[in-house]
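By letter and in written order, the chains are A, B, C, D and E; residue numbering begins at 1 in each of them.
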Amino acid sequence: MTKKIGDVILDVNNISLRFGGVKALTDISFDVREHEVRAIIGPNGAGKSSMLNCINGVYQPQEGTISFRGQTFKHMNSRQVAEMGIARTFQNLALFKGMSVIDNIMTGRNLRIKSNLFAQAFRNPFGIGGAQKEEEANREFVEHIIDFLEIQAHRKTPVGQLPYGLQKRVDLGRALAMEPQVLLLDEPMAGMNLEEKQDMSRFILDVNDEFGTTIVLIEHDMGVVMDISDRVVVLDYGKKIGDGTPEEVRNNEEVISAYLGTSH
Amino acid sequence: MSTPNIVLNVNGIEVIYNHVILVLKGVSLNVPQGKIAAVLGGNGAGKTTTLRAISNLLKAERGEVTKGSIELRGERIENLTPADLVNRGVVQVMEGRHCFAHLTIEENLLTGSYTRKDKGEIAANLEKVYNYFPRLKTRRTSQAAYTSGGEQQMCAIGRALMTNPSVMLLDEPSMGLAPQIVEEVFEIVKDLNTKEKVTFLLAEQNTNMALRYADYGYIMESGRIVMDGAAEDLRNNEDVKEFYLGMGGGERKSFKDVKSYKRRKRWLA
Amino acid sequence: QAKEQFFPSLVYRTGAYAPNGVPFANGYADYLKLTNARGGINGVMVSFEECETGYATDRGVECYERLKGKNGGATVFQPLSTGITFALTEKAPGDKIPLITAGYGRSESADGGVFKWNFPIAGTYWVAADVLIQHIAKKEGGYDKLKGKKIALVYHDSPYGKEPIPLLQERAAMHGFQLSLLPVTHPGVEQKATWLQIRQNRPDYVLNWGWGVMNSTALKEAQATGYPREKMYGVWWAGAEPDVKDVGAGAKGYNAITMQHGTETGSAVVKEILDKVHAKGQGTGPKEEVGQVLYMRGLMSAMFAVEGVRAAQEKYGKGKVVTGEQARWGYENLNLTQAKLDALGFKGVMRPISTSCQDHMGAAWARIHTWDGSKWEFSSDWYQADEQIIKPMVKAAADKYAAEKKLTRRTSADCTS
Amino acid sequence: MAFFLETLLGGLMAGMLYSLVALGFVLIYKASGVFNFAQGAMVLFAALAMARFSGWIPGWLGIEDKFLGNLIAFILAGALMFVLAWLIERLVLRHLVNQEGVTLLMATLGITYFLDGLGQTIFGSDIYQIDVGMPKDPIFLFEGVFEGGVLVNLEDVYAACVAALLVMVLSLFFQKTGTGRALRAVADDHQAAQSIGIPLNRIWVIVWFVAGITALVAGIIWGSKMGVQFSLTTVALRALPVIILGGLTSVPGAIIGGLIIGVGEKLSEVYLGPYVGGGIEIWFAYVLALVFLLFRPQGLFGEKIIDRV
Amino acid sequence: MFYRENGQFKTSYRTDQQIFPIAQDRWLILALIAFAFIGVPLLVDEYMFRAILIPFLILALAALGVNILVGYCGQISLGSGAFMAVGAYMAYNTYVRIEGMPLIVALLAGGFFATLVGMFFGIPSLRVKGLYLAVATLAAQFFCDWAFLRIGWFTNNTASGSVSVSNLSVLGWTINTPVEKYLFCLGFLVVFALLAKNLVRSAIGREWMAIRDMDVAAAVIGIRPMYAKLSAFAVSSFIIGVAGGLWGFVHLGSWEPAAFSIDRSFQLLFMVIIGGMGSIMGSFFGAAFIVVLPIFLNQFLPWLGGLVGMTISTAAISHTEFMVFGALIVWFLIVEPHGLAKLWSIGKQKLRLWPFPH
């Protein structure tokens, strides 16, 4: 399988982020190319999640810029980011607890729903106003995702009642529903067993292959990272200590001592 | 089977959430004194529920044990409060960390010593925890909510250690931790187990690790124990190898090459 | 056909206004019991049922709906709340049930030509306000002395408290005194700012238009800010025992207008009640309360209710239970002469009252009484409200109401029927 | 000038009184994450108990001495508040562990109704007096400086001192003791607190008892000022802007908030009120609090509201 | 046994997206509505209409509005009484100041002004959250209370500050008798419930719930907090405003600001919590619980006392009513913390399993 890795789609330049005295990120730069699987690894508290939060517009870095497809931002606003086609999942489950699985994933489609409040209020089975049609079309899309993630049986369960692992899948489903160009995944496989990790990996690769979705992946399972990523960034204490192919990173002395410990 | 010194004995329990959702359908297991037992199984198998049933945190989730019994050193404990259990040395590290968001890391750890009265002992425990997790020491004054996922996980484990437990229930302790920390956590488990004779019951997804450190393993699926045996045996069991360790047929498969055509096809349909 | 005349009773024995609501309700109940002890209304026994409103309008409406059809139909309602009165004023005509609002409610409802079903017997807030100004003028030594004087109205911020304002403004314009308005929010426990303002402006008189806890709070704040209680005048709902009881000596010198009666422990009717009701163990409240101001108000209100029925029986058949609609005629043709009042035991307590189609109030007499630290004592002669001022105001307001509601004034034929 | 000072002082004193009630809210919120809607009802209940006990007991026991009578009444009322706290834990809270804030809020509403009914049943719904010997008449300061002097109520001054004392003790308790830490832990996460052996049951009894005592103190002071009667429950409404301004979780915030609100509302009523028809102090207090919130959404001293993903 | 969806296969997303996907539910609800429109007027007496059903319908409508804001969007508000007042007073002004103003238009206009006020007081929600917001919305409550008392224009300069309307009619249909009033309110409730249900099961409803459950995550998937929150305030206060108009026009006939006091705000909030946050059905349950139960207790207790040969005084009844009511609230919460609607659905779930447990 040869995939054609394209140009730089996301370029992070000299980002620094501080919380009071804590330096979460110091002068981080790296790029992500279209269509690749880019992993970010590093010990706990290295600043990986914070990095995603900066890209996402949740945190606003004190210094540095981020460019997306050549457009440069000092910092991004969440809504813009979403509109540009960047979706993400969260490390600490950020699902909408009171809603069912379907509704959670449907929220991912919201940017694409165009009918206004009145049309929605007067939505009807006769299709007048178009809101119903739109809803159905989007629902169909969501059902495909549900099928794929094999959570059909839980469609209508409030997500709060699902076991942790399934919640992670729903989180992913919600991000996918946005049909993103770039998908940021924050430890998607934490709390999964091997089989489930395999499923998840396969799935990430599928999305990457079929839709050309660029993936940015944070993961602590080195097996996964080494197997599926094209390039890896390594952070430690907010600094970048390595960047390159899995092979290169795996053999980087600094990375080994800071993160990997014994070789894997 | 002769029962040398069973600390925890779970006998055919059934658990129902919200009066209607039947989750555990007759789970039995026991943990001998000074041993490490692991409960393994996929998402939703009921591992967390089993641990909650033992530590009595089930009520807070509106679940209840409707059948069966749970004994700690021969004493029925279904009606004790979690606090009573902590006083008897049983402590659970909850899945999903549950740090006290507004308290600093150090305050979080200190709440763990609520049941301990001896000042010296508390200080020693704190030192011990900081030794295990130096990262926590550097972050001791930040509010727990503003620490990274892994730091919170360490905090949760450390907090439980502060109670000086004799039986620890660990729910996915490795989740979200960097590999060398995972290793360390299991080393800590081993360490406490051998040095301080702490008994462990751990629920883990990281089967590989768990079976490496545990003495005995139970494998759960949809609310039942489907297989159990000495860790050694389980590790060598072909099915376990295939499904849980990913080593069916010897070599470890690359995540890239796992076949999943069925799923793939459906996605494309 | 019912054999008893049914008097529903809207009460509030709980909540913020209970200390004042309870004695009234007890007096009301005791008088009805006394009526039965006296052999009923020309032999017709009376029955009654209480319903707790908590002084809340919507619960009052519910009680009204609940009781209006019970036991052969309600004779008359007395809501003891201006808010409920406003709401029931809209409903009573449809149900053909009269409302007695003795000393409260809409002042313009004295105009029977528009308000066919309302009876503010014995006084409205305009009467009260008018008499208070008369009294103050008298104390000052004539109306001309009022010029340049400052009078502050501390009022319950509700329709009740606002009722006297038009009249006071009218009087202020006439005599050239300065009226300042100081609203107090329900339930009236927070008056610090109000009294600080009073301390700053030093008005010559303070009129207190409060109810419930607002009254005692006003007195306490007056004490705390050193405003002389002698210069304070309450409306007749702000001049009873519960208002001063826990202030005690601090309230000494405080005055209030009375709706004719004051504390009447010595009156014949009170003795009769102690005798025929309390002595039989049927008293509604504690003995000590019998004869107190609000108790007497309840008693008097019940007496109006009963006497109206008696009057109606004259027309619709003696010894028969009358309907609400028939009772209305009775209230409109009430003629309580002094002799009748004396016979009922109200000698010295009240003056004659007679209503008519045009005048649903029937009398506008009042006195002032003063708290001497332990009891209320009359401190003035009788006053009568000034018809010249009130009549046109009533008519104008009633006409405005009629116009809004697209009502026409009752014809004289309607009056005689 | 003298008048301005008077208003200012009046505002400060009123503010202290609000703080006293606000403190009860803060305590329970901080220590268990429950917004206790019943605080007002507890103030009334405690005050009724105190008023009636101090009326009854000297009669029963033949005690002449007023101080002794009041003291016994206070102790009994305190004991009653303990029983109440215990019952609330037993019958209500223990069954609602780990439920959301609104559910607990609702439960305290149930408690409110119950207490309102119970209090009036046992103690009656008339107006009662608490006489702990507070001076009622005003004194005048600086009569030499200003004409007419500056009016001060000693009663308010005493009340303010009591409030300040209570706040100091409670602040220390929360910040410095292990129990205080445990209480804050409970507020963050019931379940996690249980998991490490904090006995929720005992903690809740303690907290509600302390809040009950605060309510009793507030009830005595307010009650001696205004008489003990159902309307006492409405003082809770005056305390709400105070706690949000000060911060729901801050004991000193309750005091500072009280002072700001007290001064703000009195000044506004006195200086602004006359231009718009008066009666503005209540909404002014809330608007004032709201304005502060726009700058600090967690109130002046509240713990930062955490939202993180 | 009988309550099963077995065999009801959904062959399209449309059928699965129906408001009541289970056929039995659909029929039950249709039957219920039909009964409400046709059966109830034949069966029920005037007292039931005036004192129970009409207030119930109107407050259920208001609770529905509150539920959108509080239950669906998670913005706890204690300003509902004020929004009701705005609806009532502005409907009144529209009605009396403009000659020949149709009743329904006036009521909707009331709702419209409530929307404006609601959105204005919703602005702080962009920064302030949770209980802080709840208390902040009290500013709206107290300010409106004050404004309607103090600003003469709102009350058409009536001296007392109390306003009244009468002779209601819609297109020649006079609304006078209790039955007519009941049907009028019922019509409003059914229409608004349907519209509200449509909203909450559509994109906008999901935005509200997303904001409620986790606002940061919602922002990340492109939901604008400002739009979601203000639209919830708008829709909610519109409905509440209309309910306020009905309360004034149809139920009371004459009112003063006290009819929409803070107590009303609390009452509505409690309806939503006890009924079930985030459930349209819950609004009805909650309204029934809080409106009907006290009245029922008030009448039931004396009857009960009569059975054992006791006559209970009015005050004692009232106090007992309070205590029983309070105890029932707690009891229901313990049985099901998520409200009566949840209890209902658990009941249905049990029924579905019946007679084979689990």
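Points worth noting:
We adopt the following convention: a contact is a pair of C-beta atoms (placed from the backbone, for glycine too) under 8 Å apart; a residue touches a chain by one contact, two chains touch by 3 or more.
Since the structure is predicted, the reported quantities are computational estimates derived from the model, not experimental observations.
Chains touching both subunit C and subunit E: D.
Distance from each chain's C-alpha mean to the overall C-alpha mean is smallest for E. Put simply, the chain farthest from subunit E by mean CA position is B. Of the two chain pairs examined here, B-E and A-E, it is A-E that is joined by more C-beta pairs in contact. The chain with its CA mean position farthest from that of subunit A is C.
Separating the CA-averaged centres of subunit A and subunit D is a span of 48 Å.
If each chain is reduced to the centroid of its CA atoms, subunit A and subunit B end up 28 Å from each other.
Subunit B and subunit C have CA centres that are 74 Å apart. Averaged C-alpha coordinates put the centre of subunit D at 32 Å from the centre of subunit E. Looking at subunit A, one finds that residues 58, 90-92, 94 touch two or more other chains. Listed for subunit E are residues 149-150, 214, 216-217, 220, 315, 318-319, 322, 337, each touching two or more other chains.
The set of subunit D residues touching two or more other chains comprises 120, 125, 277-279, 282, 308-309. Interface residues of subunit D facing subunit B in the complex, by the touch rule stated above, are 97-98, 178, 181-182, 184-185, 187-201, 249, 303, 306, 308. Listed in rising order, the residues of subunit E touching subunit B in the complex are 337, 346, 349-350, 353, 358.
Across the complex, subunit D is touched by residues 55, 57, 59-61, 81-83, 85-87, 91-94, 98-103, 107-108, 110-115, 143, 145-146, 159-160, 162-163 of subunit B. The touching residues of subunit E, when paired with subunit A in their complex, are 12-14, 16-18, 195-196, 198-199, 202-207, 209-210, 212-214, 216-224, 231, 235, 278.
Interface residues of subunit B facing subunit A in the complex, by the touch rule stated above, are 17, 21, 40-45, 48, 95-96, 135, 139, 142, 146-151, 153-154, 172, 175-183, 205-208, 243-246, 252-256, 258, 260, 263-264, 266-269.
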